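Same chain, two partners: chain A is paired with chain B first, then with chain C.
What follows is the complex of A and B.
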C-alpha cells in the first residue's frame, strides 16, 4: 500500500487548489464512511481549501506588477478623471485588507461580484461557460482513460510491445497541446473534412478537442497502469487464476486491471486539477467557448472578481473530484474498507 | 457552404496547408517573395442576389458589445452591422449624411447643427429623433456609464440640445477640429437601452438602427445577426441602398491564424480577416479566393526613443540606431514583402496629412551610424562585441507587452536586434513581458524604446503621440516636450482648414522624425480579408480602412 500512497502524494501544479486532502484523507475516510465526524471533517476541509485558494489568488494578483486600474483603462483615455472614475466604480481606492474583507463577506452571502472588464455578474460569466468546459474536460479524460487502458492492458508484461508503446506515449506527452490541436485540425478537419473546426455544437465538434486534450494524459496514465498490471501479473494469485483456466485477456481485464487501477484513480484526482491548463489552450486553438478562455482573458486584464471566481471553482472541482476518488478507492479495494 | 467545396480541395489543400503551416512556424524569417495585391472591394461581378447566410471567421472577440464603450478597432466590423452614426466619411476625408440628413458648422467653428434623418427606427421600435441623439451624447459624459467619455473630445463640448424634434445643436467651448469626426462617428444606441441592466456589456438588449439585428452572442464562440428588413437608410459610401442582401450572418471567433486559414480553405467559413504576411500568397494566386488588403489609418508601427533616459536621450544615439537598420531588407524577410515600409508619422492612407517628402530621406547608412556613435563617445567594445562608454554597454531596452504582440512584431524587433548588433554594436534588448510589467516601465520612463501603432485618423493620432503627457499626449512615448510641438498641434486643432492643418502637421513630422529622431517609423499595419470566390462585396470602410460590415455583401449561387 505504500506504493499507492506515494502515487497519491504529489501535489504538482495546481497552485490555486492546494491538495490538502488528497492523500491523507483517504486513510481517514477509510474508517467508516458516512459517520458524522468524517463528513464534518471533510466539509471543514473543503471550506478551508476554498478559503485558501481565494486568498492565495487574491494575494497573487496584488503581487503581480502593474495596477488593476491601468489594466482596465485603455492608454488613450487615461485621463486623471477616467482613472478616478474607474477607481471609484470598483472601490479600488479602499485599503487592500478592506477590499479582501469585503470580498469574503460578499462571498459568504453568495455574491461573487461583477466582472471589471465584462460588466456582468461573475456568476453569470462562469455559469454560462461551465457547460462546454465540463463537456470538454470529461470527454478529454474519457479519451485518455480509454486509450490508456487499451495500451496498458495489451502491452503489459510484453517487453517489446511495452517498449514501443512507452516510446510512443513519451513522444505524445512531449507534444504541446497547442501543436497537437493544430495538427489534428489540419488532418481531420481541414483536409479530410470529418469534423468541424470548432464550436460547442454537437458531438462531432467535441471529438478533436477531446482528443487533443486527452492524448497528453494518455502517457501518464498508461505508464502507471502498465506498471500496476505488470506487478499484478507477478503476484501468486495470478498463477492461481491462470490455473483455473481463465483466458489471458480475461485475467488482465478482470483481475490485473482492478489491482492496477487504484493508483490511477488517485492519479486522476490531481490530473483533473491540472486539466484547466490544457483546457485553456485547447479552447483557444479550437475557438470553443469555456472557462479556459474566460480565465485567460481575466488574468490578462487583471479582472480580479473573475479570477477569484475561477480559483474558487477550480478548488471546488478539485475537492469534489478527490472526494469521489476516495470513495471510488473504497469501492475498488475492499482492503481499504476494513483498515484503520 | 456547399458539399462540393467542402470536399474538393482534399490532397491539394492538404499540401498547401501543410506548407503554410510549416512556413508559419519554421520559416518565419525566410523570404518567399511575391507581389502584394491591394484593392478596396472584392469584384462585384454580376447582379447582387439576395438571401443566404454568411459565416465570417474573425480574430478578435469584443470585450463589450456596446459600441460606445468598445475601443477595439478589430471588432468594429462586427458592431457596425448593428450600430450606426450621424455621418460617414468618404475616401477623400469629406463627410456625407447618414443618420443625419444634413449638418452645419458655424463660421466661428463653435456651433455644430445636425438634422436627424426622418423615418429611422431602432430595432426595439423606438424612433431616432433629436432627443435620442442628445441622450446618447449626454450619456458619454456620465462617468457612471462611460468613465472615459468626459476626458476625450467631449471635454470641448459646452452644451448639447435638441432645438426641435429633428435638430441637434452642439456648442463647443473652444475650436476643436477633430470634433466633427468624433461626433459624426459616435455609434448611436436606443435611448431605452441606457436603462437596461446589461447596457455596459451590450448585446441584443442594446438596440441599434443598423442593417442587421444582433440576435445572440455565445461568448468565446460566435456572434449572430439577422437581417433588419425595415432597413432603408444606408449612407452614400455604401454600394447599395435598402435592406441588406444576406438573411443571416455569423461571426466565429478563431483567434489562431492557422486555424482561421484552414477553416476558410476547407470551406467551413466563407470569409476571414487577418492573414499573416507569410501566408497571403496562397490566397492571391488562385481564383478560388478573393484576397484584399488595406493599410490602416493613423500612426504606423514605430519605435519611440525615450528622450528622458540614457542612452536614447542623446540624439546621436537615436540617429545611429535608425541608420544602422536596413529596414527594407528586414521587412522583406519577416513579411515576405507583404508589408509596406513606413516613413512618416501618419499612414499614406491619410489623404490630407501624409508627408510624402519624408520617403527615402533617412536611414540605412551603417557608416554614418558608426561615426555618430564614435562621436557620442561609445568607442569601447566589450567581449560580446557591443559598444561601451566608461565601461557601460550601449543597451537600449524595449518591453513588448505580450498580449498586444501581433502580426509577427516580436520577430520584426528580433530582426532589428540582430542588425543593430552586427552593424553598429548596439545592444537592443527586446523583452517580451506581460502588460503589467510593460505598464510599469512606461510609467517609470526607464525604457530605451517603446513600440506602438494606433489607428486614430484625422490628426488625433498625432496629438496622442506628440502633445505633452499631461495635455492629452496619452501615448507620448518619446516624452518629447519641445514647445514647438504644442504650438503646431494647437494651431492644427483650432482650424478646420485642411491645408493649414496639413502644413502644421508636416512641420511637426519633419521635426520629430528627421530633425530630432524621436521616432523611427517601421511599417504600416494593414488589414486583410480573404473570401471564397462566391462571396461578393466584402471590403474596407471608406477613409478609415478597417474591414467593413456585411451590409453590401452577397453570395452568388
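What follows is the complex of A and C.
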C-alpha cells in the first residue's frame, strides 16, 4: 500500500510543479537553493494537518452529546448558580467562533480540556499513563527493525531464501496482534513459565508484548528492505566492492543496507503513526497499563475530551515523526532537494 | 515497476521473466480454494455443521478438539467449529461493507481532486493526509465515543480509514488521464464535461481500484476482528472471531482451543485474500508494461 502511494506521488507532483514556481522571484538557480522551499512546504503541510485535526476535534466536541459544563462541575456541587458561573468563566455562552479561538489557544498552551468522567485535566490523565505506552512502542519498534534487518540482509538476492522469507513475511503480516499475543502468552507464560502473565514490571514483562507488537511490522519493513538490498546488490558498484576483497556480509551490511535504508526510514515514519492502534490491542491482551487502556475506558464511558486528546496527541506524534523523516530524507539523499 | 522493466535482462540472468511465464503457482491455487471454502461457509454455514453457534450444553464444556466436535467446545459447551463457521459471516460482511464504503467515497473524492482546480486538489490532498494520520482503530474509538459501539460504527470507521488509499490512487490516475491526448481531443470535439468524465476519465482512473480493494479487504478483516476483540464490535454471545478470542482468553490455561481456532481462521482468510490480491496486482502490472 505504502509502496503504491510513494510510487504515485512523484507522477502527481511533477505536472503541478511549473505552476507553483511560475513567479520569476521564486525561480530556482540550482538544485541546492530548492531546499528551503521544500522544507517550508513540508512544515506548512504539517501545520495544516494539525490545524485540520484540531478543527475536526472541536466540531466533534460541539456535536456530541454531553456538555462541557457538566464535566467541569462535579455532581456534588451542581447548583444552577455554580453552572452559570462556570459557563461564564469558561466562555461557553459566547459565540462558537470565539469558543473555537479559545479552544485553539488552550490547545497551544497544552490544555486538552477536562475529562467528563474523571473531572481531571485530560493532559494529566494521559500523562500519567504515558510511560508504559512509550516503553512498549519503543520496544516493539526496536524488535521489528532488528528482526527485519536480519531477515532482509540474510535472504536478499538468494532466490530460495528470499522466496521462503517472502512467504513468511506475508503470513506474519496477516497475523492479528491479539491472536499472536494470546498464543505467546499460552506458550511462554502458561506452558513454559518464562515470562509473567500480566502487568508492567521490569524488562521480563515487556518481552512478549514487544514481540506481539513488533512481529507484524517485521513483515512490512523486511519486504521493503529486502527489495532495496536486492536492487542495490545489482548496482555496478557492488562489483568493485567485491573486487576490493570485501566479504559478502561486509558488502551487505556496510553498503547495500545503507542504500536500502531510505525507503525504510520513510516507511518507519508511516508505521509510527499506526503504532498506537497496535499498542491499544497489545495492552489489552497483556493487561498492561497505558494510553490504550485509558482510550478504551474513555470510549466506553463516552468521555470525548479524553479520546480526542489521545487522538490529537497521536496526530501530533505522526506529523512530527513524518516531518522529521522527510527532512532526514533530504539529508540522506541530496537528489531529493532539487525536487519541488 | 517501470525501473525493473527498463533494466537490461542480462543483469538478472535466467531468472528474468520467470514469474510472467509460469503457470499459476500452487500458493495462489490453495489461497483461491480457501476463499471458495470461506464463501461457501458464509453462504451455507448449516452445510458444514449440525449444531447452532449459540447451542450451549454445560455438561459438555471444555471438551478438547476431537472429543467435543471438530474443534472442541467452549466454556458453555458450545461447539467451537460451529461458532467459527457462523462467525465467518460477521468478518466477511463487515470487511466487504467497509471496503464498499471506502471505495465509493474514495473514488468520488479522488475524482473530484483530480478534476478540480489547484485549490480543490490541495485541500482534498491535505484532508486525506489528516485521515491517514489516524490509525483505523483510533478512528473507530473516536466514532464509538461519539455515536456508541456496534457493527455500523465499525463499518463506517473502517470505511473512512480506507478512503485515503483509494482516493490517492484515483486522484493520481485522473491527473495522468486528464492530460492524455485522447481526453484533450475529446475536449476539442466539444464533448460535455459530465459525459467526458463518466465515459473516458472514470474507467481509466479506477482500473487499479479492484486490486487495491482485494488487498484492502484483508486489512479490513484484521481491523474488524481487532475492534471486536477490544469490545467495540459485535458483543460476546455473537460468534464473531475477534469477540470469541477475547472470550476465550479467560480460559487460556484450561482450553487453548477456544481462542486459538478463531485466530487460525482469521489468519487463513487474510493470507488467502492477500495472496490472491497480490497475484492480481502482479498480473495487472505486467499487462500494463507489455
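Operating definition for what follows: the second predicted complex is superposed on the first by the 226 of 340 C-alpha atoms of A that agree within 3 Å, B and C clash if a C-alpha of one lies under 4 Å from a C-alpha of the other, contacts with A are read in each partner's own complex, and residues count from 1 in each chain.
In this text, a residue touches a chain if its C-beta (ideal position, glycine included) is under 8 Å from a C-beta of that chain, and two chains touch if they have at least 3 such contacts.
Since the structure is predicted, the reported quantities are computational estimates derived from the model, not experimental observations.
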Which of chain B and chain C A:185 touches, first, second, both or neither: both
Touching partner for A:97 - first (chain B), second (chain C), both, neither: neither
Touching partner for A:78 - first (chain B), second (chain C), both, neither: first
Touching partner for A:176 - first (chain B), second (chain C), both, neither: second
Partner chain(s) touched by A:243 [first = chain B, second = chain C, both, neither]: neither
Which superposed partner A:294 touches (first chain B, second chain C, both, neither): first
Which of chain B and chain C A:286 touches, first, second, both or neither: first
Which of chain B and chain C A:167 touches, first, second, both or neither: second
Touching partner for A:64 - first (chain B), second (chain C), both, neither: both
Doubly contacted residues of chain A, that is, touched by chain B and again by chain C: 64, 182, 185-186, 190, 284-285, 300, 302
Of all residues in chain A, those that touch chain C in their complex: 1, 4-5, 7-9, 11-12, 15-16, 19, 45, 48-49, 52-53, 56, 60, 63-64, 159, 167, 170-171, 173-179, 182-183, 185-186, 190, 234, 273-278, 280-281, 284-285, 295-296, 298-300, 302-304, 307-308, 310-311, 314-315, 318-319
Chain C residues touching chain A - in the complex, by the definition given at the top: 1, 7, 11-12, 15, 27, 118, 121, 126-127, 129-130, 132-138, 141-142, 144-146, 148-149, 165, 168-169, 171-172, 175-176, 179, 212, 215-216, 218-219, 222, 225-226, 229-232, 242, 245-246, 249, 252-253, 256, 259-260, 262-263, 266-267, 270-271, 274-275, 278
Chain A to chain B touching residues, read off their complex: 64-67, 70-71, 73-82, 85-86, 88-89, 117-120, 125, 128-129, 132, 182, 185-187, 189-193, 196-200, 283-290, 293-294, 300-302
For the chain B and chain A complex, residues of the former touching the latter: 6-7, 10, 13-14, 17-18, 21, 63-64, 71, 143-144, 147-148, 150-152, 198, 200-201, 218-222, 252-256, 258-259, 262-263, 265-266, 268-269, 403, 434-440, 443, 454, 456, 464, 474-475
